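Have a look at these structures, which come just after this line.
First subunit A sits with subunit B, and in the next complex the same chain sits with subunit C.
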Partner chain A sequence: MQHHATATGLGPATSLSGTATLRRQKQREYLRFIYPTIFLVGLFSFLPLVGMLALSLTDYHLINGWGGTWGLQNFARLVLDARFLNSIYVMLALSIGGVAVQLLVGTAIAVGLDQIVPRWKIARGFFTIPFAVPHVAVALVWLSLFTPTLSPINAALDAVGLPQPTWFSSQTGAISAIVIADTWANFPFVMLLILAALQGVPRDLKEAAAIDGASQLRTFFVITLPLLKPALLLVTLFRFIETLKHFPLIYVMTKGGPGRSTQATNYYAYVQSFENSNVSYGAAISVTLFIFAGFASFWVARINSRINS
Partner chain B sequence: MIDRRTGYRFALGRLMMIVLLCFALLPVLWSIVLTFRPKISLFTPIWEAPLAWSLDNFGALARSDFPAALINSLITAGGATILALIVGIPAGFALAKGGLRGTFQTSWALLLLRMAPPIGIVLPLFLTYLNLGLLNTRVGLTFAYMSLTLPFVVWSMWTSFSQIPSELIEAAAIDGATLPQILWKIVLPLSRPGVVAAAILGFLLAWNDFFFALILTRGQTATAPVAIMNFVSYASVEWGAIALATIVLTLPIVPVIMFANRYIVQSLGGAVKG
Partner chain C sequence: MKSSRTWKIAISVAVTAMLCQTGSAWAQEEEISVLMFSLPVTRGIAELTDQFEEETGIKVNVEVVGQNVFENQVMLAFTGRTGDLDVVHVPAIQLQRWVAAGWLTPMTDKVNGSDNAAGFFPSALTTYDVAGENYGLPMFVETGLMAYRTDLIDTPPATWEETKNTAAEVHSDATAGIVMRTSPGQGFNMFVLPMITRAYGGKFFADFPGDMSVVVDSPENLQGLDLYTAMLTESGPPGVSNINYPEAVALMQAGGAAMFIDGTSNVVPTLDPETSSVADKIGLAPVPEGPAGRSPAIAVHGLGIPASSSKADAAYRFIEWATSEDVQAQIAINESYPDFTRPAVGEHQDVADKYAAINPDLIQLRSASLSDTIPNYRPLIPQWPEIGAAIGDNVNSALNGIITNAEALKNAQAEVQEILDQ
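Our next item is the complex of A and B:
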């Protein structure tokens, strides 16, 4: 980022201190471009986040108001809250399951489009459609596909005499249902990024491997896949964080049920805040999620700066 | 490349692609079917009553709150995007070309905002709006959406402006152009794909949102994703109207995404192609 040091137009003959002054002047001019963003992001993003932290230290209740105590009591309660611990388990199950399946499906489609059926131009378009569907709609359409009396899948299975799956009566079934809907909505994200990375793989590398007699499958695993690693890592992190924030899918498809078996942490924070009116406790739950996000974003920023430098 | 597009392995690959294509298209085709099925034959398999179809859902959707909610969505998501572009483009420019310190910390902060749990932002906003009378207003929701769109726009514009050679800017500066002139006349025209992608994806962040609108709006000011839920009640679910609403929400976005595919790929992760 320092390559601008010589942007003064005075050339290398100028004295060092003069260049430095001019550079600082330039920087000040650039800084003015950032102030509006700092102001708005501060007001509508950072201030609320600070508010969340402050709220988590109170006993604020949506109806009863503030009881007057400060402290870490919400966090002490979290540690002993079986529903909270359950919600973390559910969240991780949804995230790890979801990301694994999405990565597999998205990468398979990207590699397939790039190497098996490069002429299926329309298919490429079809594969991006789910990207355009709002998540509430995704949840509702998949809910209809998972409703036994309505679903064409169940009807077809019934017609040929096969057993019909029931999705929302067990934890495994309900989590699978959410993972499937989430995969459908988000594999295009994985696909698009992996496609972009695949286009960056030099063709002559693959050709050299082919001339050396390597099979296409071997070429993929030995040459292409290692080159996709940075892209795969970034996609994984982005998707992982997004799946931690699951809301519409749970809200529409299961409402956290059966029982509390799909009540992931973000949804649990919503339940505590807006169904139980326990906003300070909801804020404490959000703080734990925020800490997750803090670590993950730091990691992505590190990867990103390494790629760019 | 040596042609190996024969043999069972390749056939297997094609089969896999066909299966995956069916997975991608099944919900789409199913929504279309649901849209045109009359209520009474909803629960009959298609092959038992293939000719039962109706246009009732179009009337039902038109009479519902959905059209008004669609306009609310357009206003709030559009407003938040325009605001984010006006404020975020100069910021992205300064971050990419200003030679400023603290760029790593800034990129971390921007990513953090993108990854932070929405409830952490919505909950305090909800309590503040409650006191300021901004709850259930389009203005309030627009500014709340800006907390989604602005960090994203800054991040993607930063990425695309970084690809512009600094020499161009330096040359213009020597010729006496001011920074706003450089941005407007030189940098922006060169980064049009980046701006398009940032605008489209930023818009979609807000357009697709459910959570913010669920908490911050109600009734008259609800957005389309929230209004769809009005078709779900304990007594019954209006599957046909839901499917049609889904198609209405998705259809305008599909060609945009297909058109902007290339640009989107470049700025999606922001980092994959540096």
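Our next item is the complex of A and C:
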């Protein structure tokens, strides 16, 4: 920009104001290019959101229609709804459990792959395959693996005389089953981001540590891990937000059972909206979940900008 | 220049003529869309649709999908009033709800103006009457039956108490004493559980439909639930808490259970030598009874016309054809379909021979069981799907030991009351 202003041959004060004008002109020009996108995002994201918010303030029921009431009654009902409070507990258990296991598995595999690259680059592709499988297919595969009467795992345990686990008979078992399926489907995301971050760890630091006689384990914990902190933080938050939206795995694997012990908040919103026809109450649950996810996203953006600055 | 203009005119005329011709062809060929969920009868209808197209010249787009997909798809079509469905599968259990929401077109005039309605089982046809209007013709009516292993059980148990004891006696690591649906849901565990609770005198309401006081937590219901949970936890297969009918049928066919109590459409496939490794060792018996008698399950499915359809006449012609005696008889031969809705179908010699060869008692047991059913086995009210889901969730929690049976019924009582108060 400075170069452009100087080329006009104007004095310093004039050139500064000219630069600002030009910048504004450029910004206006750029905006014209992104107006269609802003319009489409507004149309397909913002409007449905406003619609959902408006719906959550009514008493609209699919069968009974709208009783003419507006207000916060659905949100007041949420506070006293034991099923909603249970759904938050389930959601957090699935999110925290899932993200923790995915971080461990994803990071371990990334570190392993970093050691053997570039000789085994193909291994990266191999480990990313689960990420490409649709969640419904993932759920069906794991459902058959965890169903005692169909499971080859149970058949093998039975063959050697060991007790057969019944995953879907308890809350802990069913949540663990969903966490395992979720980990299988999503650890590649963690692995790829950590692998990319590992490429940025200076080799000379590791070499210096090796020369000083540090073991590989110590080098990892003292040098590599602290340098991976920003990437680990980001990937944790991204996965956390994603896991708040659990649905297909629950729908296919447990239908929210046993009883209601795997009805996470997103699934509960579906139950209220489409099984119970309480669409306005379902919308209130979705709005609450959206606000929660919004705060988490804001947190991600803040941390991201801090890391980048 | 002149030549160019002549060409342009000629091309325009040709294109216009083609469009007109295509337009008239479109106008002549009527087209309807049909959505059903997978049952032997719906698969049978889809197979025979060519016959209807040949007879009437009406093109039919039939889609047969899984039950869950169906429910989502139909909900979208109804609430969005998309008009893209002309004939829809109407489970009787959803009928009241769909009519209350204004999603179905009354067919009373069409049914009254046709001879076709005469030959149905009367109870199956009247199931589709709501407030004096008809909203569908029945294509499937199933009732509860017991399949048992003749190599393990000499005489089938007659009461639920005996069933529990027999299941415990024959239960082993290789063969579960009994398998029944346990997955939560109004069409899953709540399809089978009332067979037990009603046999003990349990009800959902004090005196349906006159006195709608909720009596879900009654001692009779608790007695029935105690038997259900004790019998299945002691003598059910591993992972008994999350079993739905496909898993139960597969287990019985593989020889993994000694008794299976369910609807006829699921019990009959255990007698099929092509899919069942124990087909020659399966006997049939009526559903057990309790102190208050016998109460076999009943499920009726039919076809109706969505309110958003603009092709009601063509849609009704299809419904009339699909539920006709001839089509039902063909399906009874082609598929495992003893659940026809016209008694005359059972009198077709080839149909009678087919089912007598599968099991000589099948047709007679089915008829006797149907006569024991009550129309409101699951109460036919708009709120039933929600009520059934609420009770089903609590019952499944009790079966898994998360709460006690008494707590499950107490919770269900409060939730059902809340649903009715809304």
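Please note the rule applied: the second predicted complex is superposed on the first by the 285 of 309 C-alpha atoms of A that agree within 3 Å, B and C clash if a C-alpha of one lies under 4 Å from a C-alpha of the other, contacts with A are read in each partner's own complex, and residues count from 1 in each chain.
As a convention for this text, a residue touches a chain if its C-beta (ideal position, glycine included) is under 8 Å from a C-beta of that chain, and two chains touch if they have at least 3 such contacts.
Remember, predicted model here, so these are calculated numbers, not experimental data.
Applying the stated contact rule after C-alpha superposition, one finds that A:Ile63 touches subunit C and leaves subunit B untouched.
Of the two partner chains, subunit B is the only one touched by A:Leu234; subunit C is not.
In the superposition on chain A, A:Lys255 makes contact with subunit C only, while subunit B stays out of contact range.
Of the two partner chains, subunit C is the only one touched by A:Thr166; subunit B is not.
After superposition on the shared chain, subunit A has more residues touched by B, the comparison being subunit B against subunit C.
Of the two partner chains placed around the shared chain by superposition, subunit B is the only one that A:Pro48 touches, whereas subunit C remains out of contact. When the shared chain is aligned, subunit B and subunit C each come close enough to touch A:Thr149. When the two structures are aligned on the shared chain, A:Phe274 is found in touch with subunit B and with subunit C.
By the touch criterion defined above, A:Thr128 lies against subunit B but remains apart from subunit C after alignment on the C-alpha atoms of chain A. Note: residues 149-150, 274 of subunit A belong to the subunit B contact set and to the subunit C contact set alike, using the contact criterion stated above. The part of subunit A that touches subunit C in the complex is made up of residues 61-64, 147-150, 154, 164, 166-171, 254-261, 271, 274-278. Of all residues in subunit C, only 71-72, 75, 79, 97, 100-101, 183-185, 237-242, 247, 250-251, 256, 382, 385-386, 389, 393-394, 396-400, 402-403, 419, 422 touch subunit A in the complex they form. Subunit A meets subunit B in the complex at residues 1-7, 9, 23, 26-27, 29-31, 33-34, 36-37, 40-41, 44-45, 47-49, 51-52, 55, 105, 108-109, 112-113, 116-117, 120, 123-138, 140-142, 144-145, 149-150, 152, 155-156, 159, 184, 187, 189, 192-193, 195-197, 200, 203, 206-207, 210-211, 215-217, 230-231, 234-235, 238, 241, 244-245, 247-248, 251-252, 266, 269-270, 273-274, 279, 282-283, 286-287, 289-290, 293-294, 296-298, 300-301, 303-305, 307-308. Taken together, the subunit B residues at the contact with subunit A in this complex read 1-2, 4, 9-10, 13-14, 16-17, 20-21, 23-28, 30-31, 33-34, 42-43, 45-47, 83, 87-88, 90-91, 93-95, 97-100, 103-104, 107-108, 111-125, 127-128, 143-144, 146-147, 150-151, 154, 162, 166, 169-170, 173-174, 179, 183, 204, 207-208, 210-211, 214-215, 224-226, 228-229, 232, 239, 242-243, 245-246, 249-250, 253-254, 256-258, 261, 264-266, 268-274.
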